[in-house]
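Common to both upcoming complexes is subunit A, partnered first by subunit B, then by subunit C.
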Partner chain A sequence: MAEKNLDAVGRFLARQGILVAFVLFMVGFSLWNPRFIDIDNVFGVIRSSAILGVMALGVTFVVIGGNLDLSVGSLMSFSAIVVLDLHENPAFGPYLAIPAMFAMTMAIGALIGFLVGYLRLNSLIVTLGMLSAIHGLTLTWSGGQNMDIANQDATWFGVFGRGTALGIPIPVLMFGLLAAVLAILLAKTPFGRKVYAVGGNGTAATFSGIPRARVVFFTYIISSFCVATAGLIQASRTMGAQNTVGQGMELEVLAAVILGGASLLGGSGTVFKTVIGVLILGFIQNGLLLAGLEFYVQFVVTWVIIILAVWLDIATKRGKLWSAIA
Partner chain B sequence: MTEQTPVLRLEGIVKTFPGVRALDGVSLTLLPGEVHALMGENGAGKSTLMKVLGGIYQPDEGQIIVDEQPVVMSGPLEAKAKGIVFIHQELSLATELSVAENIYLGELPRKRFGLVDWAQLEANTNKILKKLNVGFNAKTRVGSLSIANQQMVEIARALTVDAKAVIFDEPTASLTDAEKVVLFEVIADLQSQGVGIAYISHRMEEIFKITDRISVLRDGQYQGTVNAAETDEEGVTQMMIGRKLDLSRNESHHELGEVAIEVRGLSCGNLYHDVSFEVRRGEVVGFYGLVGAGRTEIAETLFGLRNPSAGTILMNGEEVTIQSPADAIARGISLVPEDRKGQGLVLGMNCRDNMTLPQVGDLTAGPFVSDGAEVAIFDQYRDKLDIRTPGWRQTVGNLSGGNQQKIVIGKWLSMHPNVLIVDEPTRGIDVGSKSEIHNLIRELAAQGYAVIVVSSEMPEVLHVSDRIVAMYMGRIIRTFTSEEVTEDNLIQAISGIEGGKVA
Partner chain C sequence: MKSDNMSNLIKNGAIWGFIVLELIFFQVAGEFWSLSERAFMDLDNMLLLLKQSAPIGIIAVGMTVIMINGNIDLSVGAIYALCAIVMLDSMSWPFMESLGDWAIPLAWLFALLTGAVLGLINGVIVWKTGVDAFIVTLGSMLGYRGLVFMYNGENPTYHLNWTMVDIAEWDIFGVETPALVFLAVALIVWFVMTRTVHGRNAYAVGNNREAAVNAAIRVGPHMLINFVLIGFLAALSAVTFYSGSGSVNPNDGMLFELWAITAVVLGGTKLIGGAGSIVGTFGGVIAIQLLRKGLGHIGADTATVNLVIGLILIAVLFLDRQLNVKGKEELKV
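Up next is the complex of A and B:
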């Protein structure tokens, strides 16, 4: 009987490989440097992960649907620049700037969704191309200048990035709220089920009467909505932005999603797992900072740890450290 | 002959999966030059036993003995090196590679500097293909082949090494009669070279035609081994499922209702031409023909997956255009597709979600999917179709082949269609469940469904159909009523022999 229970525990752990890795990492680092687990530090990490996290939520849908989105970093720069510029434009002001920016960002998302979903173009190529195209668009818009809000005391715009409610930073609240809503959308609604089906086996989904193109289209709409939200938080936090503020984030976002256990082949992953992936990434980087590693060394170590974590995940799933079928 | 040394023996093999004891102390002996059938219901553990033998799974207990030496099979390549070749139930080919590359995958002939010797590769492959008498060559891309031809590629793999034992796991499930003949010749050839052959199939007629001994598994337990010459279908069925089957031909003639679907002069490119037929409520119409006769393509057209180039489709007397599967579903058409893995299932999803996929948008409570309604549907069809799974949470990819097929059937039955189209519905299904599915089809017709059965199995078509449409090269040659039809005139019709034609 006891043996059976142990077996069940083992199986549970095997399924939660990445969670185990996370806990081990946290415990290890905390033992080594107690400041790591300090409540202020923990909140700090979550807050600084919020922007990446919000973007990762949207990309989770795209990846489960069987596609990639490499344009999110570039699109985030775009939305930050646009919202700041419109904020400074007397014809818009903060009230109109925000919805206008969401509309524009999501229009670009719709374009990507159309190309990948309806025209069935390869998502890697499309979003890689869009990464450059959007960057160009951003530079054109800004004329190559950084955007800044001139009179920062005269606007409430900073609330999204700097404000708190009930003692919790607003970015963290937005991340949490969006995660909850999207988790329910993915796990509990017919639409969510269709995303899994389309990513798991597109042909079988078609044979089940599921409109594959439309489902893929909406995954990109969701992704661009999340990017717009991230852009808003970013712009609000710094009250100004460079044209390249989101540069390189597409890979970090993807790393967080994969770290959470979504398969690049599509059809698997959850919002909760992505949140775990985001936190792991955030705590790794924070840990390295506390360890006093140089910024550039961090890049290398971060990726080594990501690869180790993914390996541990796969190894626990198949019960072996390496594949027998070479 | 004196007592032969077995080519291999299995002793007391136990294999468990979470929640399933797939093999429970199974022992088996394979002699040189024998064809040894392995039989049992869906989920009895046949494929699992063979995967243990082929090094794909490690047994929890028990021993594998090759040439009287206990061995550990660490993987498929090691099994192959020991002369044990495994032809899988589910195709495992790289569709983007050529036939030759697939056949020699992992052991491509080399020249100097490790370069692939393409000329050699092609020559070797074509030699094997010639033996198999197939209509494609070494350079053909596997993805462009029909399922049957892909199966032949899989079989060709077995002929590349000096095998001691070859395992065939349901090799004929998607072969035509002509291809089967070739396969049986290949098997006889191997047999005469002293190769031991393990052969899994649910088709009794084949078993008695080609095998020497029959071993039966039931729920992972070994039931016994008999000589094929000393038993019959009934005896084996009794061992497999513990009861007898009613295999009588369909005689029940109930009242037919209105025409549910009618097709007039339908054509689709060069796939099929000028096809006309009708199906009434309460009627089962069988479509019989060789692979490539255009039957699947007609089914796909009715389900909105292909656009006809000419002709009309009428439902309940009204002309309709069916644009998409969603359209077809809305009009009450269901299609059980022929390729369960590619078209029927999302293998990584659980059993319940697969079964309710086409109707998930309707099974809601407020904006959310209603768990309760879904589980209720799953439970109903699990019982009705006797699906063996530890629970609805099991990933479909972990079910046995036959049980996967039952999930697909349940998925479409649960839609309560007006017109049910089933394409090779009992591929890979055991005799007991097969007759249950046939009864179910009859029962559905009796309830007023219009049913179209596409099948390459003559006994199946004869058994379930009220009328049989015989097709050849994209054309309807003749339509038989169940009184007119005989095996002979049916075979003539599907071979395009016009002599069978009656005005």
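Up next is the complex of A and C:
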């Protein structure tokens, strides 16, 4: 009986290891420094993680579908530059700028989805190419200049990045709401099940009549929608953006998704776990800063944590700590 | 059989055909649009092109070996930056300064050792934990970049030594040191990959790891050696470039991994491993540099260069698939 219980505990740890680690980390740090768990600090951390987090939500769908998306950072720069430029354009203004930007960003997402889904091209190379191509588009659009909103007091555009509702920062609300909607979409709808099926075993999915190409296509649409939302938050928060604002974020986003436990092979992962992955990255950064360590130490710590998390995950699955590679 | 040979010929020759096409296009287009009076296909210009392609090229050679193995290394850009910092910073250590110009080879040695050790760390983790190389090197890309910033904050690290600059700009018949190093590296690794057991094993491991294990190839140490090699080459790339420039920013080398992978894929190496060649990668590196330079020659800006390179990468992938899949299509959707 006791053995059985131990077994159950082991399985729970293997399944929810990252959550347990997160809780332990939070409790430990809070005991050490009460300021860490202060409500302002917590909201501050989530707010600064929101941009990365929103992008990670979309990439979760792509990764579960068995693909990669390395173009999200570049695409986020594009959407931020476009929305700011259209905002300044008298023909558009904020009301039209936002839907126009979403349409353009999602059109690019549709192109990627078409290339990967329908043409069955390797997603790593396609999105690598798109990373470069979209950066070119962004530079062409902006002429290489930074974008700024000239009269920042005259517009309500800042609400997405700076506003609060019911005492909660808007970016946090948007992140939470999007996470909830996407979690339901992934876990409770036929579409969500198809994403798992396609990522788990594409051939089997095809034989059971699942339109593989269309499912992959829609994972990229979801990803680009999330990127557009992230771009909106970014642009609104700073009321200005550089051409390279999202540079390098594609790999950080991927790190958060992997940390949450999604397999790069596809077919596993959840929205909730990705949120945990994002929060872990955010709170580690914050905790190390509160501990008085240099900002850049977080990168080294993140490295160690990613490797450990994935290693332990694999080790529990194969039942051995060390790999079988000769 | 004959059509097989034909399609192989097309595939292997494609990158060189593309290079010839680029040369002709930029030569002709340059007559109309270029602001400069000089021809594009000028010997000096081509030598300069070879020199400019060296930093990415040296790394791309190592990346080819890694990708033939079926792995990938995303940390090369960070290794490149860290080794550059170690080299330039070590020049101003007290005991090094007392050595005079003898400090130069020692600084190079430190940088190359750093690169090899960083590669070794990646290799050991890949071997011992069994975590996919993509994830391992994604993590170390963040970690190594963190080390770069911890070394000297956001400040540039610089040390100018004229002897070192002279060595970096030394030339044989106009071919300068970086280009020579690139050619030498490509030649040596080409020899290793085509004429030695290690090279043959690299293809075997990438093609079918299970079969390679059954054929008594020690896959772990084999991959470890290749990770040390690419770390070393990233360091060598940093050494050849920064000996001349003498100053490194902590952001240098960012996206190098992506450029290197682009060159390798253009050269015909498969992401799944088991196929690819150093000669192809050499062609890929030259093709990209030619494109950047040529577009600059006819007055296009970086924006267009980025756009065109991205689209060409996708087009190559599409064409390659069309050439390969014909006749052996698995399952039509």
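Everything below uses one rule, namely that the second predicted complex is superposed on the first by the 302 of 326 C-alpha atoms of A that agree within 3 Å, B and C clash if a C-alpha of one lies under 4 Å from a C-alpha of the other, contacts with A are read in each partner's own complex, and residues count from 1 in each chain.
The working rule: a contact is a pair of C-beta atoms (placed from the backbone, for glycine too) under 8 Å apart; a residue touches a chain by one contact, two chains touch by 3 or more.
Values in this document were obtained by computation on a predicted structure and should not be read as measured data.
Participant: Which term applies to subunit B and subunit C once both are placed on subunit A by superposition, clash or fit?
Facilitator: clash
Participant: Per the overlay, which chain contacts more subunit A residues, subunit B or subunit C?
Facilitator: C
Participant: Regarding the shared-chain residue A:Thr189, is it in contact with subunit B (first), subunit C (second), both, or neither?
Facilitator: Touch partner of A:Thr189: subunit B, not subunit C.
Participant: State whether A:Ile39 touches subunit B only (first), subunit C only (second), both chains, or neither.
Facilitator: Neither partner.
Participant: Regarding the shared-chain residue A:Leu251, is it in contact with subunit B (first), subunit C (second), both, or neither?
Facilitator: The second partner, subunit C, only.
Participant: Who does A:Ser268 touch here: subunit B (first), subunit C (second), both, or neither?
Facilitator: first
Participant: Check the residue A:Val304 against both partner chains and state whether it touches subunit B (first), subunit C (second), both, or neither.
Facilitator: second
Participant: Now for A:Ala197: first (subunit B), second (subunit C), both, or neither, which partner does it touch?
Facilitator: Only subunit B is touched by A:Ala197; subunit C is not.
Participant: Taking the superposition as given, does A:Thr206 touch the first partner, subunit B, the second, subunit C, both, or neither?
Facilitator: It touches subunit B and subunit C both.
Participant: Does subunit B (first) or subunit C (second) touch A:Glu294, or do both, or does neither?
Facilitator: second
Participant: Would you please give the residues of subunit A that touch subunit B in one complex and also touch subunit C in the other complex?
Facilitator: 203, 206, 211, 324-325
Participant: Quick check on the complex: what are the subunit A residues that touch subunit B?
Facilitator: 11, 184, 188-190, 193-194, 196-197, 200-201, 203-211, 267-268, 324-325
Participant: Which positions of subunit B touch subunit A when the two form their complex?
Facilitator: Contacts found on subunit B: 18, 74-77, 303, 305, 324-326, 328-329, 335, 337, 342-349, 353, 357-358, 360-361, 363-364, 367-369, 411.
Participant: Over in the complex, which subunit A residues touch subunit C? Could you list them?
Facilitator: These residues of subunit A touch subunit C: 70, 115, 119-122, 124-126, 128-140, 144, 203, 206, 211-213, 247-248, 251-252, 254-255, 258, 264, 294-300, 302-304, 306-307, 310-311, 314-315, 318, 322-326.
Participant: Please give the residue numbers of subunit C that touch subunit A in the complex, ascending.
Facilitator: Of all residues in subunit C, those touching subunit A are 74, 125, 127-132, 134-136, 138-147, 149-150, 213, 218-220, 223, 254-255, 258, 261-262, 265, 271, 301-314, 317-318, 321, 330-331, 333.
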